[in-house]
Structure formats: structure tokens, C-alpha cells
Amino acid sequence: MRLGVLTGGGDCPGLNAVLRALVRRGVLEFGHEFVGILNGYEGLMEPRLTEPLTLDQVRGILPKGGTILGTSNKANPFKYPERHEGKMHEVDRSDIALKRYRELGLDGLVVIGGDGTLSIGHQLALKGMNVVGCPKTIDNDLSGTDQTFGFDTAAGIITEAIDRLHSTAEAHQRVMIVEIMGRNAGFLTLEGGIAGGADVILIPEIPYKVEAVVKKLKDRAARGSKFSIMAVSEGAYPFGGSVAVLQKAEEIPGRGVVRLGGSGKVLADLLAPHIDAEIRVTVLGHLQRGGTPSAADRVLATMYGAMVLDLIREQRWDHMVCLRDGRLQFTSLAESRKERHVEPHGDKVRMARSMGISFGD
Amino acid sequence: MRLGVLTGGGDCPGLNAVLRALVRRGVLEFGHEFVGILNGYEGLMEPRLTEPLTLDQVRGILPKGGTILGTSNKANPFKYPERHEGKMHEVDRSDIALKRYRELGLDGLVVIGGDGTLSIGHQLALKGMNVVGCPKTIDNDLSGTDQTFGFDTAAGIITEAIDRLHSTAEAHQRVMIVEIMGRNAGFLTLEGGIAGGADVILIPEIPYKVEAVVKKLKDRAARGSKFSIMAVSEGAYPFGGSVAVLQKAEEIPGRGVVRLGGSGKVLADLLAPHIDAEIRVTVLGHLQRGGTPSAADRVLATMYGAMVLDLIREQRWDHMVCLRDGRLQFTSLAESRKERHVEPHGDKVRMARSMGISFGD
Amino acid sequence: MRLGVLTGGGDCPGLNAVLRALVRRGVLEFGHEFVGILNGYEGLMEPRLTEPLTLDQVRGILPKGGTILGTSNKANPFKYPERHEGKMHEVDRSDIALKRYRELGLDGLVVIGGDGTLSIGHQLALKGMNVVGCPKTIDNDLSGTDQTFGFDTAAGIITEAIDRLHSTAEAHQRVMIVEIMGRNAGFLTLEGGIAGGADVILIPEIPYKVEAVVKKLKDRAARGSKFSIMAVSEGAYPFGGSVAVLQKAEEIPGRGVVRLGGSGKVLADLLAPHIDAEIRVTVLGHLQRGGTPSAADRVLATMYGAMVLDLIREQRWDHMVCLRDGRLQFTSLAESRKERHVEPHGDKVRMARSMGISFGD
Amino acid sequence: MRLGVLTGGGDCPGLNAVLRALVRRGVLEFGHEFVGILNGYEGLMEPRLTEPLTLDQVRGILPKGGTILGTSNKANPFKYPERHEGKMHEVDRSDIALKRYRELGLDGLVVIGGDGTLSIGHQLALKGMNVVGCPKTIDNDLSGTDQTFGFDTAAGIITEAIDRLHSTAEAHQRVMIVEIMGRNAGFLTLEGGIAGGADVILIPEIPYKVEAVVKKLKDRAARGSKFSIMAVSEGAYPFGGSVAVLQKAEEIPGRGVVRLGGSGKVLADLLAPHIDAEIRVTVLGHLQRGGTPSAADRVLATMYGAMVLDLIREQRWDHMVCLRDGRLQFTSLAESRKERHVEPHGDKVRMARSMGISFGD
């Protein structure tokens, strides 16, 4: 078989491990031929953006972050950006994708990505392509699977960062706020917060009250703890506060647009009037998704990549591999569209609370 | 309640995280008082080897390897070493343990350790102590639980080591053998081997043949791969070979006992006559169990430590916490005595094989 | 002798290594007694902020970031903040420092810190205290010494961060800007930029022109390099641009003070109109000064800490230890007040340019 | 100009950084053309072992360990191994090297390596080749230069390893011995030992006495320190002991050659009869030379690589770049043949002793 492969959405440690396992098993066990489609779905729309994906090209890429195929989180064939009369429009150009799929002589297409990438894969499957998927997100917020690769690596980077901030927090008796990725889900913040020994963990699933956070900090100070570490999700904003307002960017005459800051900055501004200690915000940003994948992520990504061939052998199109209850399984691509969230009354939150960690509620 | 706590067996990243979670939740939520029992069961036998375990003492220990209570893998109250007439004997002194438990005024005893430590805990429970357990082993070979803390950290260290050896292997076109811990189970070798991109993985569960390994190395050389990485469990010896002989230490007149080497050395000696390339052996040894725990291990250890208090509240003595199907649960202490092994036909081995990794069989 | 010790200014990896070496050699070789003065000079002004500094307290602190004595970059005895009639004033209270120095029965005072801390030490020496110093700054901008501990650790963290950003930059074909510490000196940016393989390095010592940076990025794109990494010092602003304006914080009615961003943000805003690629800014901030010190910094800090005792033995007050031409030496405390800067025509800049790195000039 | 490049001797972190800087500056500033000569001098002797070395090939290699050119520590053109009548002989085949140098149309040859590689380069220069050198050794034992790249990375790995062993040593109250590379020089052991907080440091430059080591361990135990960390150079053997005997491999009938172990094993055997505590040996081996180079090594290697072009421009053949008194300089290739050693009465040893570290003398 001749199989196209693309990686879409934000880059994520483990993507190269998936590609390596896919190509190695595909070539060695099944004799498949692979076509690398570059820059996510953009490579399916534009000629020239493909290249052969051979054993040679996947050699030595296991420890490498990023993706050798490139990625993009913009090119959606169903909402393809085109310029008409000086303005950008989003046009359904999925027919082009289908046409190129046939021109490339593909028997199937492997799409590796998050909810966006997988959803588009599902739509392309409905149009007749043989699509199989592999889930990817450092945020771990895909409902179709219990665990995604990239999450463990990101949690490790966050934990190491919090360890470092501890030194400074303690030496200077400061309140350190760490703003952590995760979109609308608090998985990374909860994991990194517990692992880093944070005193306060604020996640989107548990709206926080500023007074409750202030109280926690004052209680700590009263008991002699002169510093505090707070882990806050990029999507966590205080209860009752209008996120729309808080996140808003403002136009300042003569200076262009000024962004009022992410959730960490907002929290610092809200706490500052009530707290004596100095407050510092660190936004981890892109550091969380780069670099060499952890051992666990390499293994999970490798399993996923090799397992995709089972789906292809069984012609189980419009499906993706997943991990459920500790076992490699598969599920419908449509499944990927539902978001997964931290369970506010689950074991992790309950145990964290019991140890004295505040969720600001 | 007044609770004794001890850590037994080999040290393991995450032990301090268990102690921290246990004491924090115990004090903050239940108002318990903790007594630290030093150096494993030795502290239960000898006076003076105890100290109060308070919130102050567990502050800042989350990222620390080892155990602040010390450990020992020798002191078993049921087989306590005593000297009689110039010779060492193992004597049942469990009555002393019971007596000291009472003298210390304990309402319960938390034992954190591997199969040995947990088994002794079970026996003490049968004698009337209120014992609860928390499983620990970097080897992941406890049958009562799907995952133990320490394993993820060790797998990460192994993977980083293999990454480093890759540079040298490639530059010098060598065969590099890495000997990996795990006793009679191949979990660490399989995990580290896949994550590190090993070409050959040898584990105790799949006895290997020297010819099969030689063939693999020659096939690689024939295809232009001038170096190879081999991950071998400390417990993996060739099929048909007498382990007893291979592992044997010999007495050399005038030079004392000479150890003939572990599984890595044995493998190198067996391959040398058949292979042109230079062979180098690296024994990771104690590096695998030291240092700061990974994020995942800190979280798992923290959950275990906090969860132990649920067992105590419910007076579920003679039980231990565990993780099954991704959920925190509990199981009988007796359960810990069964060893867990890599499933030779399971998903991981199957996928690894499909990618061209040889298991030497 | 009875010696006071304090750490002042921003925290820095290696401070604990200095304290450990100082106390170990002081006690073991000379039989000195040490008094820890907490939170920098604040501890010299306020009663209760001292504690004995013994062998026990310096045990195990070698790998720890921060400082076990705490630090502060605010308390200057010569400009001590006091509240009069509702307003804060800075008052010369060095007499109090001198008085407490005598009350504590000190024969000497060891001050470990950057230019601020060392300058104050010099002024106190002029007032009659027996002061010796140890230089400290991650920025490496002290003129009295060729190398300060903390710098190597920070450079390592920066390099690792740039490595991580490479994955994302390449996968998404983005321009990544990394804002790096260093106050008015570009040492950290130059070191981290070269080590991380940055394409553009912008430092305060070489004012940059936006057009030159734009040209470099366009040249790279024209040659097929679709991503770029830029390392920019927190103190680097474009030539001709008014830093005062660019750095200014603005008051927005009803929203308090809004900071317009550091040098990285300013650079991104200036480039955005001219560049097609997405631009992302990462501010490393406090991550650069936390965590375990590198091997080189531990050794340098240890040498400094032990060497301080040579100064004390020789009663060479008002001096500090330093490293010059690769040898441990000493210099006058007054020396510390001059800033050191990257030599714009030195070897490192010249070699970096020759390899195609742009400095934006 | 058309320049050949080879890397010889043991692999070393930073070799790729040298190659990258050399090729980038060579191509961009001077328009040189480079020929990669594979596997050290072997590539100069055998046809087919060359390949063009272009900007494309040095892209992205900065963080990679090893060398993209491959290396060898066996092929010496002046003592080339050849088989005559069933036996291996070493024959002077430098004429072949010279002939191939001319056939390849080279205007110069850059040799990157340790004393062996540089010495051969010097001999080839005497025969008329235009040779320039770049020093390389993780051991830091080259007399021509104050610092070699690779050393800092190796010291970092050693320090991290000792940190890990601390956890285990403390938890189990053991004596941990770490055997460290360095051939006949103790630089790595001294640096790693100080940075890792070792209690005993044994180096070849200071022959040790077993009784002195035993005394140190007993003193520590007497003062309540129940564990000890010992850093021992691979070349450090006890005073008076015959190294020849101690290192000897023995033939055991039916079992082939049995190596009696390196310096760590020898030390353990010598201590065992005198010490109660368990002793464990860890041999770091090849882990010390693999993996990504440290920031400092990347910068030093980059400076060296770019600086080589200065030598070539000035036609300063038979010379190599070096670092002296903190400045990039050059020196004669002949210089490389002298070994550098730890100064037994230098600052580092003196300060280490003053802090209570024993050198076993």
C-alpha cells in the first residue's frame, strides 16, 4: 500500500517517535510505501509539499522534539483561506484535497494531531478517503483516549521549572505564579502543580475566587511560610470575573494594541493590592512543548505509531488508536471532537486538597 | 491516632513524596501523629532508632531522592540475624517487634516497600499489628499494582544513558551493551530499550539464543548499520546456558573472590568470538535508583501517600494502596508476594518486534 | 574568630556552595565560629534575623539553588527605608549596622553578592568593619573578576531553552525570540545565543537597527531557512529608538498600570509589520537563576568560599576574592563598583559574526 | 581553498560544534570547500572514505554528541596495521596518506583530536602536508591548552551521577565508589569530586595509601556520618601497590580471560576487609563522553572551529588553536605531545583539602 502521512496542530514531543514506528513497522512488516505530506493539511492542498518518507529519513529521530514533516494549525481544507477582492475568505476546498489524494496514488492517509486535525480527518473520511488517526496533544484533553504523548514530557518540564522557581521564591520570600498551558483543561497544571509542590493550583474546571486565594496566602504567612508557589492554567480566571474583559486587548492611542496579559498576569494584578510580598509571574509558554520526549512519551508514541498499522490492515478507516484502561485500543475519529476535562471531584483533586493545596474555591 | 512509618528495601525515587503526602494529609485532615521508624524494620527492633515525623520534617523533600527515614534490606524480624557461639543465625524475633510497637504506643504501622517489606508487614498483621502498606519498586514487578513509583524515573535515566551511548556507538561503530536493573522482570529493560531505540532487547521472560543475537548484528552490518545498541536485563541469560555457572564467582588463589560479571559481561563474552566490531558494556547499576523523581513518579507517590489515610480511616488493616486500570484502589497485603512479569506476547513486545527489534529468540 | 555571613542581591546558583566551603574550611582548619545573617543586610539591621551557621547546617546544600540564609535586594543600611509622616524615606542607618555588628561580637563580616552588596560592604569597611567579599552575579558583569559563579548555570538553562524552542520554530516555521537576563551586559545572551545556535544575537553593547534584523530574516528566508531563532538581552533596544519611551509603562484609566513589555516584546512589535512568519516571544525570567548549580559553578563557588578564609587569615579587609587569568586572586572591594561589558570587537563577537550570526548592526 | 577535515581518537561532546563553526565560517567568510575524511586517519588511507562537507551537512548538529565524520583511535598512517603471513604488523604507510592528500586535491588538512591525533598531524606536517589542529579530550590533559571542550560536559555528567549516588548512599548508609575517566590525569575526578561533594578523591597524581583511606572512613563514621562518597580516577592505584599486578587480567582454565577490574574495583577489594559498611562500585565509563555538549563546551568548540580559519589564512601550518590565560591563541602541534597533570599543590587540591576532603595520602 501507498500511505500518506501528515502531522497537524501544535508541535508535540513524540511526533517523530510516531513517524519512526509507523514507517519502520510499515516497511519491515507490511512492505508499505510512505509519502510525507508537509506542514499538516497545507501539504495536501499545495503541490510540491510532499516527499518520500523512508527508513533512512526516520533514522535517529526518536529523541528529537518537533516533527520532521513540519506542521501547521491553520490549513483546514474545509475552510481554506483565499483572497478575493482584497479580503481573506474561508472556502471549502476539500475537493482539492481529495483530488491530490488520488493524484498521489494514496491507498490511505494517516493523520496525527489533536482535535482539529482529527476532526478534519473524520470529515475527509466522510468524503471517501481512507483515513486513520493518531491522537496528539500535550494538554491531554482528548476524550477519545486516556493519555496522549507529549503530556508527560510537558509535565516534566513544568515540574523542573517549578523546582527552579522554588529556589528564588524561598531566597526572596516571594509569591511566584507560573502560568501553564492546557487550553480549557487543567490537566497539565494539576499534574505539574502537584509534582512541583505548588501551594495553590488554579484550573479552568474549578473557577477561583480572589478572596480565597488571598486567604490561603495570608494563612501561610501567618504560619511562618514566607513564600508561596502558585500554578495557574492559561485558561483559569476568577469566578465572577468577566474573562472577556480580563483577557481583552486594549487599543492605546499611538502605541497600537496592548495585551493585558494572560491568566498569570491577571492573577498577579488581582492579588497585588492584598498581599505584602513581591509577586512574580513566569509564563512557560513554548518551552513546554519543545525538546526531547520523555521515556514514557517515546514508548507511548512508538506504540501508537506501530498500532496504526493494525487499523490499516483491518481497513478500519475513520478510526484512531487510543489508550483506554491501560490498553492500546481504537475508537472512532468522530470521538476526538469531545473535550476531556479534569474531574473536579476526582481522586487527584481530592488528594491534593487533603494535603492542604488550595484550588481557590 | 499515633502511627509508625517505615521505608524498607532498596531506595527508590518517590519515597520522600509518599512520606510528605502521608504526613501532610495525616496531620492537616486527621490530626494524626507520626513516628518515623529508621532503617526499615531495623528501627522496629532496636530502641533509639525512631524520631518524630512532623510537618517540618517533610517540608522541601518532594524533589529529593532516597528516603529521609533511611532503609535497609536486611532486617527481617522473622529472620533476625543474631550471633551465637561465633556464628550468625536467623531467629524469629517478631515478638520484639510487637513489643516495641506497643511500647511506642502505636495505633497503626505504615510500611512502604517492595515484596519483602510488604510480606513482612502481612506477617506482622497476622500477629495482630494494624499494618497498612504502600508498594514500592523501581522494577515494577509487584503483582498487586499496575504501576509503582520509581519505575518512570528509572526508565528516564536508562533512556538518557542509552541516548548518550548512541553518540559513542555511532562515532566508533561499536556494539554497546547496557545492563539494566529489574531482578527477574524485564519491565525496565523493555521500557528503556524501546525509548532508547535499542536494536536488541534481552529480558528474563524471553530466554535468548546467542546465535539469534549474532544473526541480528550481522544483518544490521550487512544493511550498512555499523553500530548496534543492546539493552539487557540483569536477569537475562542465554537459553540453554546454565545461569548458575555463568553467574558464578570464582576463588582465585591469592586474589580472593573474582566475580565473572553480570549479564552484560556474559553477553559480551559470548558475542566476542562471532563479531568483528568492538563491544563495550555499561552497567548502569545504582545510577538507576537515585536522584530526583520524575513528575509522574512524584504524582503517583503523592497519591499513594495521601490514599493510605483512606485505608487507615476505614481500618482496612493488612491492605495496601494500589493502582489498577488507571484508578487508585486497594488490595490485600498478601497480594504483594506474587511477582509480576513482562507478558511475552503482550502489546509492547509485539509492537517492538514488528518494528524490527530483536529479542534474541 | 567569630564571623558574620550574609548573602545579598538576587539569588544565584552556587551561593550555598560558597557557604558550605566557607563554613567547612573555617571550622575544620581555623576553628572559626559563624553567625548567619538572614535576608542580606536586613539581617544586620533587625534583631532576631540571625542564626548560628554550623557544619550541620551546611550539610547536603551543595546541589541546592537559592541561599539558605535568604537574601534581599532592598535593604541598604545607608539608604534604609523608613516611614515618616506617612511617606517612605531613605535614611542613613549605617550606625545601626555597626552597632549590631559589635553587639553580635563579630570579628569580621563576609558579604556575598553583586555590585550593590559589595559596594555597601566597602562603605561599611570604611566605617570600620572588617569586611571581606565574594562576588556573585549570574550576569558576569562585575569588573573585579573574570568569571562569577551562577553564570555557567544560567547559560546552560538558556541553551536548553533555546534547544527546546528550536523544535517548535522548525516545526511551525516561526521566528522565536528569547529574552535573556543580564541587565546592561550581554554576556548571558552572547553565550546562550552562540551555544543555542541563534541566528541573531542582540545585546546592549551593540545597539541594533530594526532594518538590519529584518534584512537578516529575509536573507534567511530567501535561502530556504524558514525559521529563525533570536536571542535578545533584556537591555537591548534598537539604535535610535528611545528606550525611555519603548520601556515605558502606561496608566490606563480603570485598569492600573500596563507594562508595554520588555525588550523581546518590543522587538516582536517592531518586526511584525515587516515579516510574514509568525513571531513568538519567550521571556525566560526567573527560570535562569534557579535550580541546582552546574559542576563548574559548584567548583568555582567552592573555591571562592574556601579562599575567603585566606583573606581573613591575612586580615586583608575591604577586599574580595576573584578569578583573573584563570587563577584565584583578590582585589579591592571598591573594584566591584565598575561594570564589565561584552567587548564589541572581542574574539567571541568576531567569531560569531564570521559564522553568519547577525548582531543587528 | 579545498580543505580536508578529520576527527580522531575517542569521541567527545563538542566535535560537531567544531565542524559546524569551521564549515560555516570557512564557506561564508572565505569561500573554502571542505572534504570530510571519515573515521579518523583511516579515511586518509582508504579510498571511498570521504564525502563533501557542506553547510547543509552541518545544519542542526550543534547539540549532537559524537561526530558526524566518525572517528577511530586505531588508524595511524605511521604504524598502519597490515597482515603478513598470517600475522598483524605495524608498517609506516604515511606515503599513502600523502598520496591521497594530493589526489584529493587538498590545500590543507584540519585534524581534530587528542595527543595521538595531533602528534600524527605534526608528523604529517613534517612530511609536507599543510596541517592545522584543534585539541580535543574530555580528560583535559593536553599541555598545549588550558581547557579542552568535552571536559565541562563530562564533569557535569559525573556530578549528576554522584548526586544520584548520594541518595542511595545516604538511604542505605553505604560507601559508594565512583570510577571516573581521565587516563593518567586526575582533572575529571578532581572536578567531579569537588562538585559532587565527595569525601575522598583519589587521583593518579597523588598516590594513595589504603590505611589513610580507611582512617578517613572510620573518622567519618565516628562523627556520625554513616555514608561516604569516593571519587577515584581510572588511573589511581595505591602507593606501593604494583599497578601491573593489580590491573592484571588472569586466564582461568575453561573460562577465558577474567579482568580483575579497574581502579574502583581494586579499591573496593582493598577496603572491604577493613570496613563494616557495604561498599558499592559504579563505573561511569562511556556515559561520560556521550550526549549533548554543555553550553560552555559548545561555545569553546565553536570558538576553536572558527579560529582554525585564522591559522589557515595566516598559513600557520603545523600549529593548533588553544586557550591560554582565558584567550584564544595558537601553539605548535608538537606541543600537544606533552601531557598535562593536576598540580598536587595547586589551589584546587589545597582548597579541597582545607574543606576536609581526603586525597588518601
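Order of writing sets the chain letters: A, B, C and D. Residues in each chain are counted from 1.
Everything below uses one rule, namely that a contact is a pair of C-beta atoms (placed from the backbone, for glycine too) under 8 Å apart; a residue touches a chain by one contact, two chains touch by 3 or more.
The shown structure was predicted, so the numbers you read here are calculated from the model rather than taken from an experiment.
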{"item": "Common touching chains of chain D and chain B", "value": "none"}
{"item": "Starting at chain A, fewest touch steps before arriving at chain D", "value": "2"}
{"item": "Longest centre-to-centre distance from chain B, chain (CA-based)", "value": "C"}
{"item": "Rounded Å distance, chain C centre to chain D centre (Cα mean)", "value": "32"}
{"item": "Chain B and chain C, separation of their C-alpha mean positions in angstrom", "value": "42"}
{"item": "Per-residue multi-chain contacts in chain B, two or more chains", "value": "163"}
{"item": "Set of all touching chain pairs, with the criterion as stated earlier", "value": "A-B, A-C, B-D, C-D"}
{"item": "Touch list for chain D against partner chain B, complex", "value": "7, 10-11, 13, 15, 39, 64-67, 70-73, 157, 160-161, 163-168, 170-173, 176, 250, 252, 255-256, 258, 260, 269, 280, 282-283, 285-287, 289-291"}
{"item": "Residue numbers on chain B that touch chain A, as the complex places them", "value": "21, 24-25, 28-29, 62-63, 146, 152, 155-156, 158-159, 163, 191-192, 194-197, 292, 294-296, 298-299, 302-303, 306-307, 309, 325-328, 347-348, 351, 354-356"}
